[in-house]
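Working notes, structure below.
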Amino acid sequence: MAAHRKLPYWADAILLPGLNLLAALFVSGLVIWALGESPLEVLSLLIDGAFGFEEGVGYTFYYATNFVFTGLAVSVAYHAGLFNIGGEGQAMLGGLGLTLAVFLVGDLSPVLAVFLAILGAAAFGGAWAFIPAYLQAKRGSHVVITTIMFNFIASALLAYLLVGPLQRPGGQMPESSDFPEGVSLMHLQDLFAMMGFTYESGPLNLSALIAVLCAVGVWFMLWRTRFGYELRVVGQNQNAARFAGISVTRMTVIAMMISGALAGMMGLNELLGEQLRLLGNFTLGYGFVGIAVAFMGRNHPVGIIIASIVFGALYQGGAEIGFEISTITKDAVVLIQGLVILFAGAMEHLFRDPVERAFRMVWERRAA
Amino acid sequence: ADFTPVLLYDIGGKFDKSFNEAAYVGAERFKDETGHGYKDFEPNSETQYEQALRRFARRKADLIIAVGVGYSVAVKNVASKYPDVKFTVIDAIIDLPNVQSITFKENEGSFLVGMVAAMKTESNTIGFLGGMDIPLIRRFERGYRQGAEYVKGDLTFIENYVGTTPSAWNDPIKASEMARSQYARGADIIFSAAGPSGLGSIQAAKDTGNLAIGVDSNQNHVAPGFVLTSMLKRVDLAVYGAMSAAEAGEWAPGHTVMGLAEGGVDFALDEHNADLFTDEMKAKLEEARAKIISGEIVVADVEGSNSGH
Amino acid sequence: MEFFADLILLSDSTIRTATPLVLAALAGLVAERSGIVDIGLEGKMLAAAFAAAAAAAVTGSPWMGMLAGVGASVFLALLHGWVSIAQRGNQIVSGMAINIAVAGLAPTLANFWFQKGGQTPLLGDDARFSTITLPFADMLADVPVIGGLYSELISGHNLITYLAAALIPAVAWMLYKTRFGLRLRAVGENPEAVDTAGISVTLLRYQAMVIAGVLCGLSGSVLSTGLGGGFIRDMSAGKGYLALAAMIFGRWKPVPTLLACLLFGFVDALQGRLQGVDLPLLGEIPVQFTMMLPYVLTVIILAGFAGRMDAPKASGVPYEKDH
Amino acid sequence: MTNAFAIEARALSKSFGDVKANDQIALKVPSGTVHGIVGENGAGKSTLLKMLFGLYRADSGDIFVSGQIQHFTDPSDAMAAGIGMVHQHFMLVEPFTVLENIILGAEGSANLDAAKDAARAKLLMLEEQFGFNLPLDTPVEKLSVGVRQRAEILKALYRGAEILILDEPTAVLTPQECEQLFALVRQLKEQGKTILFVTHKLHEIMTVTDDVTVIRAGKTVAECKTADTNPEELAELMVGAKVVRKTARKQHETEVARLRLTGVSAVGDHGLELKDINLEVFDGEVLGIAGVAGNGQTELLEIITGLRPVQSGVIHMGGEIIADDRLVTNPIALRRMGMAHVAEDRLKTGVVESMSARDNAILGYQRETEFSSHGILKLKAIAAKAAAYFESQDVRPRNPDLPIASFSGGNQQKLVIVRELAHDPALMVIGQPTRGVDIGAVTKIHDQVTELRNAGKAILVVSADLDELLSISDRIAVMCEGEIVGTLKVEDATETKLGLMMAGDKREAS
């Protein structure tokens, strides 16, 4: 059964994506070479910057945390057959919910504030996804358009609040006051210090663990619970869902709200973990990158975590290149990110055929 | 080792045709004049502000200049951890013994270009175009308006903001559309404080045969004859000054405000717009400049001003 | 009378704003009608804007600019086509990747070639498509109503805007009145039917991508050499996504798509006009809320027009021909 | 060579990976004949036809058309050689009109209007010649399957096909439509065309073909004149063993109405309305519903199974109201009350194509405590159950991890049926129990339905296949235009009577 025999799991999950990543890096290398720099030097700076020292690793995982949240968000909606482009806006609203919770009770009890902030982020993010979801379910309004629109609306809303009611007194930029003392998610390096060893992990904070928990939760929900089963049925075949007694409307709304809640939690990392205030544009396109992350990760939580780390490494390593070589600007790094998404995310089959052929040859030789 | 200062831009990036670019110009001048190199970095996100500061602080940079109000919190955090490293922050005020803060009185410069606009307008309607509606930009608007009203009492103002996302600073098409609309509604001069989007406003001035006022850097050359003047914010001087002072060992912490008196803000007059100015106008402007410097005219600021004190 | 003048003004602005939108939306329409989802309009537009401005700056000719803009966009369209058709890749990811890569590539190249910080030099009047005054526009300007309409609204746009006006019926004609259009619409609905009818699905889709590339290239060119006068990083500013929304809103049909683009253009012009204006009853609305207006309105209209969307059935699905 | 075969295949082989779909297949079709091909699900019939039409390329072997060797690289080559094919799943663009569909790929002029005009003239001639009457300007999505199929045939004739390949053309047709098709086939034959005909219904082979080729496991196992064989022999050749119904209908009294519809009306699709439906299904009986497709049978199934609201009237199940003008009972609740439902359209409703067979094995029953508790799926129980289903129903291949889409329709149907049987239903509602299923599986499914009936359960069957209804029902109700025009005891029913009633003739109703 050589042909029906599938590639071993490791080839599917690691070898093929790895080859694609190499192809992306190769093309990036050509661009760097064309810009007059040494591709190898840049590559080594990138890897070294992302994984070469404690703080670099910290930053890599810090950025990855954002992508895990937004990638999971995209993927939960996707499994329900919905394309949520609104991660950006949902993250903004999540940040707002978080901030409101912090200012509401921050002075009373930091612990309670952190707890409520997490809930606030999820609740506001979910609520922001509710209207597009409801309109899709009840009125057939295309969720792709409505979520794009809601991104713009969210940013305008945040801009209004941050130069109005929530503005930092005396501030010049759209940002809120600092969170009250002690209202933050602990940095992991402090946690490590408490446990008795030092590891400088930069801004990496507890939300990274929350993100991993969310990934596990999403995995469990999708493939181990009845709810997840029903969600996937709705995503694949709405007629079959009705046949099986599942309410498509209800599922659409719930799935989008879970998606929005996950996107909303991105603020935990950026705001409650690091910036300790609400910034007007803290989402910085992470919501959009989440789409690429989700698909690169084949819409599986493990894949999403891996893809997030790749992107985290690109963000962090890319910054390190910028520190050292001024001709490789942030733009060049953005280009490399685009190429990685293209090769590793969109060209799943690029090396599949050659690799399968190679495997078949090996199998046949063994069989003979 | 060789003296190597570090220059950190804000998210707008090195060539924003605005104050980041001015900072770059100042650093280049320092490099040309002294032969000392410098390092610079363009961050992608707020998180990288602190990351960059830490990185260079840890390596004991000779001087770290951070450009932009966005750096406030990051500089505060890092500077307190590295008390023996010198920081200069532009557009923000940090009260620490190893930090020098430099801010500008944009409202004073705006006052002067507001006067120019009022003196030049024939329709008695002038416009303002901001990138985002944020306090920083409102200060430009406030000064502009006051300056114009100082000259003429009965002016009509039209005011627009481009957007609410970061792309508001990079949307010349929308800016140009808004400027066209203002011109069509009777404005004949528009002052835009919108970063690169402002180029769209200049374009619209050219296309409709009206006048625009540039911002931050001298933009008179962009469309000679159509740019009435530019409101200069001399971040280049600030950067050059800080670097030179540090090299000479004269760098000192504390807060410096650069207004008209210090030459930190101004309006641009050069060969591209000389024809648009009459001697009478120049005289009036110089008079006002003197009055502002002497304190006879107080240019108002918006709440949240950081240049006062 | 002032109301009328205002309306003409708004409409004039609507036409300008809608020009890049409608060109990009038509590009998306042709691509999706052939079965390829094109979320990469934004990137193609930006690439074209850059290439057009760069070529126009170097050669001094807007025509060379347009050629370069279209060339760049067609190249990306074919790349997206190759990923979608030959690689059977994920079309959404490919589109996103192109958007992101171009956002990085364009300023990088601009910097490399012009050292102006990710911008191209500003274009002189000769290097742009400047506004064209139609015959008699000046003469008629004072005739009441019609004069204003003609001289303000119809006259005085750049060449690409007029080209766009001509391309809308052309695309509609191509789609509904030609053999190619029939096959194009068929391949987006049921590629197997096309295949068994002996027509190459692959070729049709590549052809569609070329057309989409040309349209999107014009859309980008008008940004940097028509409406604007040079390239600035990220100058497409989300217009590609808006065009995509307009196309969906227009239910993948040319005329409704045009109307959607005009609506977006109009509401955008209106929101600019409403900024800082004292409205009866409401007073002065904070700018952030006037800026929300186009988006809120879109959502409301969309919710009003309930019903199914007629997306081409096969769009986004790679076609796997059996052996 | 004047006496060449219209189409001939010599030692054609085709493998998909390790599966030898066709293994040295031989086929000889004399010109001007109707040639039947029969075989089990997955025997390789479609694969053979697709090679003849240039859709697949043979691994080895040769194809001859009128004695000329052919090397088809794609369907346009086959069409050029005079071959036309009507696929099992129609190759039509739904929003296009019939005319547009017919000319697609053979438009002639680049100007569409001119092309349409030219085509219209030619089509009218063809229609006259073959007695078609197709609504050329109606979008295909609005047409019934039978009309669509004639559009497909006209499409092939329009391209000048001399050899027509029909892959399971009758699987979705009503008896009337079948008759029309057979008439057409005979007419085409008279005009000198050659026809290849695949079907699972052996009586059709007997009525319409001249010769028949039997395929088993990718090999030609027999080739003979139709006149020299009979259905039993063919079935045995196909399956490799005798095919017999094992279960006979037991005589017993039926008194308890398990399902009762009283004065039910509902809004249907395409402007149809269900009007004043009164119906009872008793324990221990099979009630068949006959009707031309699109006369409300689908809607009837939907209102009973909780998928469509009723406007007025009441539906009772075992004494409880399950639907009225305000109430729609959720399908899950209905299943818990003992109603099992085999959906009419497998792929559209009955299964989730991209999910594994294992996941599909619990569809609709996912909330039973057997499969989940406290919201958590019981994976082991599910896997065990799926394996048991596969075993008891002989679903092939025996791999519940494969996506259901990669099973043939017959095997999908076996799984769907056993899924519904497994929960000991008191009432079973079945739409098209054996559509596209081979003779072996048909027999098995019919046996199962009869066993259920004998065990005293109530069964409602909607089928387009009158033979099927006649062989498994106790009573048959006929629907026409949303109404029940009458109900016959199976002893009193004949195909002719039913056919008349299906056409709306109420006189036969008793």
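Residue numbering begins at 1 within each chain, and the chains themselves are lettered A, B, C and D in the order written.
Definition applied: contacts are C-beta pairs under 8 Å (C-beta built on N, C-alpha and C of every residue); 3 or more make two chains touch, one makes a residue touch a chain.
Computed from a predicted structure; not experimentally measured.
The chain pair sharing the most C-beta contacts is A-C. Our note on geometry: subunit B versus subunit D, Cα centroid distance of 75 Å, whole angstroms. Rounded to whole angstrom units, the spacing between the C-alpha centres of subunit B and subunit C is 34. A straight line joining the Cα centres of subunit A and subunit D is 46 Å long.
Inter-chain spacing, taken between the CA centroids of subunit A and subunit C, is 29 Å.
Those residues of subunit D in touch with two or more other chains are numbered 16. Shown for subunit A are the residues in touch with two or more other chains, namely 152, 156, 159-160, 163, 329, 333. In subunit B, 13-14, 133, 164-165 are the positions where the chain touches two or more neighbouring chains simultaneously. Every pair of chains meeting the contact definition is listed here: A-B, A-C, A-D, B-C, C-D. Per the touch definition, subunit C reaches subunit A in the complex via residues 83, 87-94, 96-105, 107-108, 111-112, 118, 233, 238, 241-242, 244-245, 248-249, 286, 288-289, 291-292, 294-296, 298-299, 302-303, 306-309.
Of all the residues in subunit C, the ones that touch subunit D in their complex are 176-183, 185-186, 189-190, 192-199, 310, 313, 322-323. Of all residues in subunit D, only 16, 50, 53, 55-57, 74-76, 79, 85, 87, 91-96, 100-101, 103-107, 109-113, 115 touch subunit C in the complex they form. For subunit B in complex with subunit C, the touching residues are 13-17, 21, 133, 158-161, 163-165, 167, 170-174, 176-178, 180-181, 184-185, 196, 199-200, 203, 206-207, 222-223. The residues of subunit A lying in touch with subunit D in their complex are 1-4, 223-227, 229-230, 232-233, 236-237, 239-240, 242-245.
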